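These notes open a run of structures that come right after.
Here come two complexes built around chain A, the first alongside chain B, the second alongside chain C.
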Partner chain A sequence: MQSPLTQPSSSDLFKSSINEYLDNLPETVHAQLYKSPETCLAVFRLLPALAKFYIMTLLFQETAIPFLDLNRWIRHKKASGTTHRRNPSKIYQNESIKRLKALNLLKEIRKKLKHPKTGKTAVIVFVQLNPIFRQSFRDALTGFRAGRQLDPNEKITETIEESEAKESGKKGLKSSKDNKSTESTQKNLNALFSDDNAKITVEFLDSYCLSKWENILHFMVGSEIAEYPSIGVLTLLRYSGLMELPSDRQRRENSSSGADADEDFVVDDHYIDGKLTPPSGEELKSLLITKSGFQFLLQTINSQIWTLLLQYLKMSEKLMMNPVDVLNFIFMLGSLELGEGYPIGMLSDTQLIMLEDLIDYGLLYYPRDAASGGKGKIFYPTRLATSLTSEQTNFKTASAALNDQIANPATEADQTRVEGSVIIETNFKIYCYTSSPLQIAILNLFVHLKTRFANMVTGIVTRESIRRALINGITADQIINYLETHAHPGMVKKAEEKYAKKLEFENSIGNTYAADQLKFEILPPTVVDQIKLWQLELDRIEATNGYLYKDFANDFEFEKLMDYGEEIGVILWKDKSHRRFFVTTEGNTQLIDYAKRILRKKGE
Partner chain B sequence: MARAIKGSLVQCDPSIKALIVNIDAEYKDIVIEELDDTHLLVDPAKIPFIKRELNILLSKNMYNPDDEVQVS
Partner chain C sequence: MDAIADRAFVGLKGNAKDKYHILDETPSLLTVILDINPLEWKKLMDSNNLRFKDVTSALLVMLNSHMALNSGNKVSLYIANSFYHGAKLVFPSFDDDDNDDSQSPNSKEKVDDNSSLEEEKVNEIVKKKRSRQRKVNASRILETTGIYRQFRIIDETIVDSLDKIIKNEPSNLKSLVGKGETHIKGTLSGALSQALSYINRFQNSDEHSGMKARIVCISVSGDNTLPYVSIMNSIFAAQKQKVSVDVCKLGPNSTFLQQASDSTNGVYIYIKHPLGLIQYLSTALFIDPMLRPMVVLPTNTNIDFRASCFITNKVVDIGYVCSVCLCILSVIPEDEICPTCHSKLDHDLIVMLKRKPRVLPLVKKAKRKRNSSTPDINPVKKFREN
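What follows is the complex of A and B.
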């Protein structure tokens, strides 16, 4: 079982933010959301593995089952040796159940039961899957729906079949000679598809969405671009705090002159409520990038999209759009097939508005002067859209694997067309062969740039420059990762040679252990270590909010509470000799519940 | 029954802990309880203040190669 305590990667970051958003929705919204099978599927994909397991086990269970059974389904590794060891599987289970409850997927039912032998009545907690979710998710898996209205998924496929059937009918008239009547319908349809929409291939969609996205990124760093992103995009960029108007900046500087400068700036959204006139398109073109905007640039393309979509969700709530519709649409995108067209007829009014916006972000392609004739009411999801809910830890299909491969180099591809161009020396000097303003702007985040030539820039990594980046919220790992992926081919070659030499040497003296331990280092280790040290230096103290428990009356109470706390992993610090321990804020309620239970037992 | 005190657990090196205790002596009402060599219970609201003060104290005796670099 994978530990939940592993370091969060950048893809986990976006996941936690969409999870957070989902957790905080009210129960009524959850209930509406779960009516859509593809939303259920997407929510399922975002859950930790154990939560998935629980859902799958409970899915076809009609009756509620005792809560304690959840414990029996997994084997707890008994803590061996020391008694007070954190129990990772217990923590993981705790975490998974918490998520399920937050999403209103798991419902608790308290029943009073009589013990068959002793005849004592006791309250036993039963759990059941949310009935709406259970129904929809069953539908999603089995395709079975009993007397229910057609779900959107079905609608899509059916309408496509219909429209394609119509097309095939038409086509059949036109070129009945070419089409053998014996051909299977499926083949027929496929042939038609490539025939009618020869322009819209997967490659076309890929290059289309990348150019759209790249355009937005280029706008953010302020490079010269031929076509400005649409007003919708600009408004969203401003709303999300990634960019700001010169007037915003002035206001912020005035207001924060005395206060903490690190404080995050929140754009006033009066104009969205209609109280103030929104800034005109011309005004918006003068947007400037903010601190969080720079951080945004270093993320992978997938998390960039999620960041924007989450902001979009928040903004759409202000615009009185139905969040259920919006979320359903976003999640539906994740289950669409790349390269296929979908008729817009099945979309609700809200979703039609969204369609426009998503086209602006490059998530969808919608041919306006459609080659498919007057009925060009078909949109095409791009790879940006279809890879939304699939990512490494969740759903690994062949196409998802490809997505990862494409999504990652994609971020690099829009900075430089060549593989890599950064050379960093052991004396912290950096040379970068580039003329792209985007890459120079990104380097400027953590490098003290000194000279700029026609096709290259030089600079140096200093404590100050790294500190500046760290204070802006960029992590050392992000910087190192960026340098590694953008390393000049010469650096890679040198690293390979060095590695081969070392390996040969270790093997020749028969030191297999050292040979195994050899790492392939593209960047000079001194630089990597130093950057990490600089980061450590910045956070000298680690603070956690919570409660200090002390003045226990006796050892029994202390041990009992502490053991429980240790088991669920909420105790950060303990001092047995003085009977004190420190509990996180989140763990405190659980601990108090437990303490009450003990007291009650004593009372009985 | 036991008592629970709300606060923020600060984990740091012994040297940093000494500095925080020093800051506390100067400004009062920061440290609620000293737990051990590397742990302190402090007022959660004072965390940003502590960080700022620490930064000032630490950067006083920090060698800055930047100046030298700019000359070369």
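What follows is the complex of A and C.
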């Protein structure tokens, strides 16, 4: 095999896993999901940019449009030269459409139409948006709801306002309308918050969720922590295979089936089925980190949360929780507003169970003592929750902004400035501005650390240090990804400038092919390549599942199929002299479809 | 090294994937400039049965959809061509009309927009109060029962301020007429340059560095209201900033806006069926800056590149050009001084230019435009009198 199939990079792996999960849901569940506008919004945000564009074009279209019209939007560049026949735009388009179909968002309708002149009947494929999705998404955008359904958000705000009104009544501040009423509202709000004897500000929520989350991570790397995460968290960590009990490890080592070596997520659900008693809390505290746990640590916060939530989804299915309820709740979190309180009254029973768990992860804040005081039961989403459906950089920038505001930068800022602090030079030296033991521990996984200062550690990436990481099960892509996502803003800025300059140059001399091939390099390419080379030293053979096409009847068919396959980028290996080529599993169906189309055309 | 990299690492999706990954993730800023010249709108309403309200609701849906694309996305809205305000930022609003008790002085807020943005973020209570206050006004107009909160804040702010501005327009017009001003200058270019400065400040701020931006102009007025020089300068600025200017043109076709979209890789669409405006706004005018390289832009390809006369503000086919500042003239000013750079034009040359054609012309030295359409100056006639 000439070109090995590169594994999708790790953060994609976790991010795409939520997509995969959604893709594999049955159509009935999709239909139920799309009834909620919040969910539609969240699903929409997870799509590729082109798919979003397609949805927007179809959203206000009452009738179905021909499938070919979707193709017409794409600029078809003639690739220069015969060696690079792959058309990246087309691959991207294919991917976008595949996602839309997998989510049941795009419906194909085949219509037989008569050609107005020749009178021949031809089958033309029309596409239309899923009607349920279209309705909900339109509602989400326009705010108009024909059926006057119960809308959680609206209800929330109403209830909050009601409670405010009540409050103002209690205080005897007769709302004297206009100017004064606004002032009194503010006072009331302040009163409301001070009554809860906890200042629930955005800063408070941020530091709360981060400390909660870092506590979990600290537990994973095994550093000394004052308070252990709750049993729910520990169970989930074990369930998702990120950590394991010493007994698990022994069992795994004993069952010497070598094939299990790369079984990452050891799913042990005996105790869920009730066959075995669940391990006690004390037992769970002795959990050890696994290979996939190491990989998990290298993710960005956002994908870490998604990973856990996904495992939670799988676990909740076993516990017979309604997946629609669970998903709706998760997606709703993304549309809640940071710093606002929401009453728990609007949650379903399933969601109330979830609430408890999400509090443990630091996604929500729920002032317990205040709640028992008879006050309206209100939970607060933290930034971890509200940035769930947004892009990863959001948290980083938000915390950066936070740093400026926090008066006492020594302790808090160090906590929050975990991301965006690594500088790596072409000579493999690494500087990291951090004093967080967690980040140092993570860096220690693949860097040979040399010196430690008050606010910085330095180290060097060596063959040994990388090999150690690789043997631990961390891949080169994960390391590179970690370095990229945690790169110092200065490095990012420099890379952007360099990219813009190169792009401008290539465009100015009209070399569009080279412009396409340009990479956005945050890290020095030498380092990236070297790390990848060190990985290649370890695994020289890579297996890919797929299909071998051979025994073609004639050259024409072979060429036609191979051209198409190359265009959509699914061909891994080819041998022209023997008329053979090898196709990935995913690409196979597409290629077969195409082959059928050719055959049909011939038959006509 | 390259050779190694090529064979070993460029896998199945390698390069393309990186690129599209960025494409999927990068947030963008959408700035809309809405032309609200009331007289032009009246004309449109009479001829097309198109109400301002319909356009506003279509616009709001467009802004909402942009916010829906990516949670990092931002929007801003400017209005242009109003009688009183000229160009004005409507969203994000900094509430300089409301006398807020807890706010820092307005001047400071305007200068330091970033801190006020953050302040807004932090000061949720104030925001809530505002939205409540706003709601009183906006709920009369908006029929939004249940909507994502982020959208509602945007929609309410915009509807509220537009409402306020439109209501004041008649009295503003009266006061303008009272002052005796007959020619009302368009402020679209002012809005354009304000928008560009906003984008520039936005892109240079730490929080949003590297954010892509684009401008959509919803224009109803004709070319005669556009000051040529400033609009051209804005176009060049936009080009330099790599900000595309999309134009959604209602009313008469505009040459300059066509040029603006053409030179900034934007889309110019002349709306023939204004009732289906939302479809235009959600497709042709909804192409994210990151998608632009791979999507066929549905724009007009034959563009009118004519310029306008600096004195009469009319589009010229053939005219005179000042050799110092390159300003374009359809007529030669009487005092023979360039109106833009005040340099003295060569008298002899002008006489030569104005010379009447002979019966048998030997050599035609320069282009000339004989039947200039201005009523007050007629060079040919004047020459004869001399």
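As a working rule, the second predicted complex is superposed on the first by the 395 of 604 C-alpha atoms of A that agree within 3 Å, B and C clash if a C-alpha of one lies under 4 Å from a C-alpha of the other, contacts with A are read in each partner's own complex, and residues count from 1 in each chain.
As a convention for this text, a residue touches a chain if its C-beta (ideal position, glycine included) is under 8 Å from a C-beta of that chain, and two chains touch if they have at least 3 such contacts.
Bear in mind that the values here come from a model prediction, so they are computed numbers and not experimental data.
In the superposition on chain A, A:503 makes contact with neither chain B nor chain C. When the two structures are aligned on the shared chain, A:202 is found in touch with chain C, with no touch to chain B. Contact with chain B, but none with chain C, is seen for A:543 once the two complexes are overlaid on the shared chain.
Contacts of A:572 after superposition: both chain B and chain C are touched. Touched residues of chain A, counted separately for chain B and chain C, are more numerous for C. Using the contact criterion defined above for the overlaid structures, shared-chain residue A:142 touches chain C, although it does not reach chain B. In the superposition on chain A, A:387 makes contact with chain C only, not with chain B. The contact surfaces that chain B and chain C form on chain A in the two complexes overlap at residues 572.
On the side of chain A, the complex with chain B involves touching residues 260, 448, 460, 462-464, 540-553, 557-558, 561, 572-573, 575, 579-580, 582-583, 588.
Residues 1, 4-5, 7-25, 27, 57, 61, 64-65, 68-72, 101-102, 118, 121-122, 124-126, 128-129, 132-133, 142-152, 155, 206-210, 278-279, 282-283, 286-288, 290-291, 293-296 of chain C are the ones that touch chain A when the two sit in their complex.
Residue ranges on chain B touching chain A, taken from their complex, read 1-13, 16, 20, 32-33, 35-36, 39, 41-42, 44, 47-48, 50-51, 54, 58, 64-66, 69. Contact residues on chain A toward chain C in their complex (touch as defined above): 2-6, 8, 12, 37-38, 41, 44-45, 48-50, 52-53, 56-57, 59-61, 72-75, 86, 88-89, 91-92, 139-145, 148-149, 151, 153-154, 157, 161, 182-183, 185-186, 189-190, 201-203, 334-335, 337, 339-340, 387, 389-394, 397, 400-401, 404-405, 489, 492-493, 496, 516-517, 519-520, 525-526, 529, 532-533, 536, 569-570, 572, 584.
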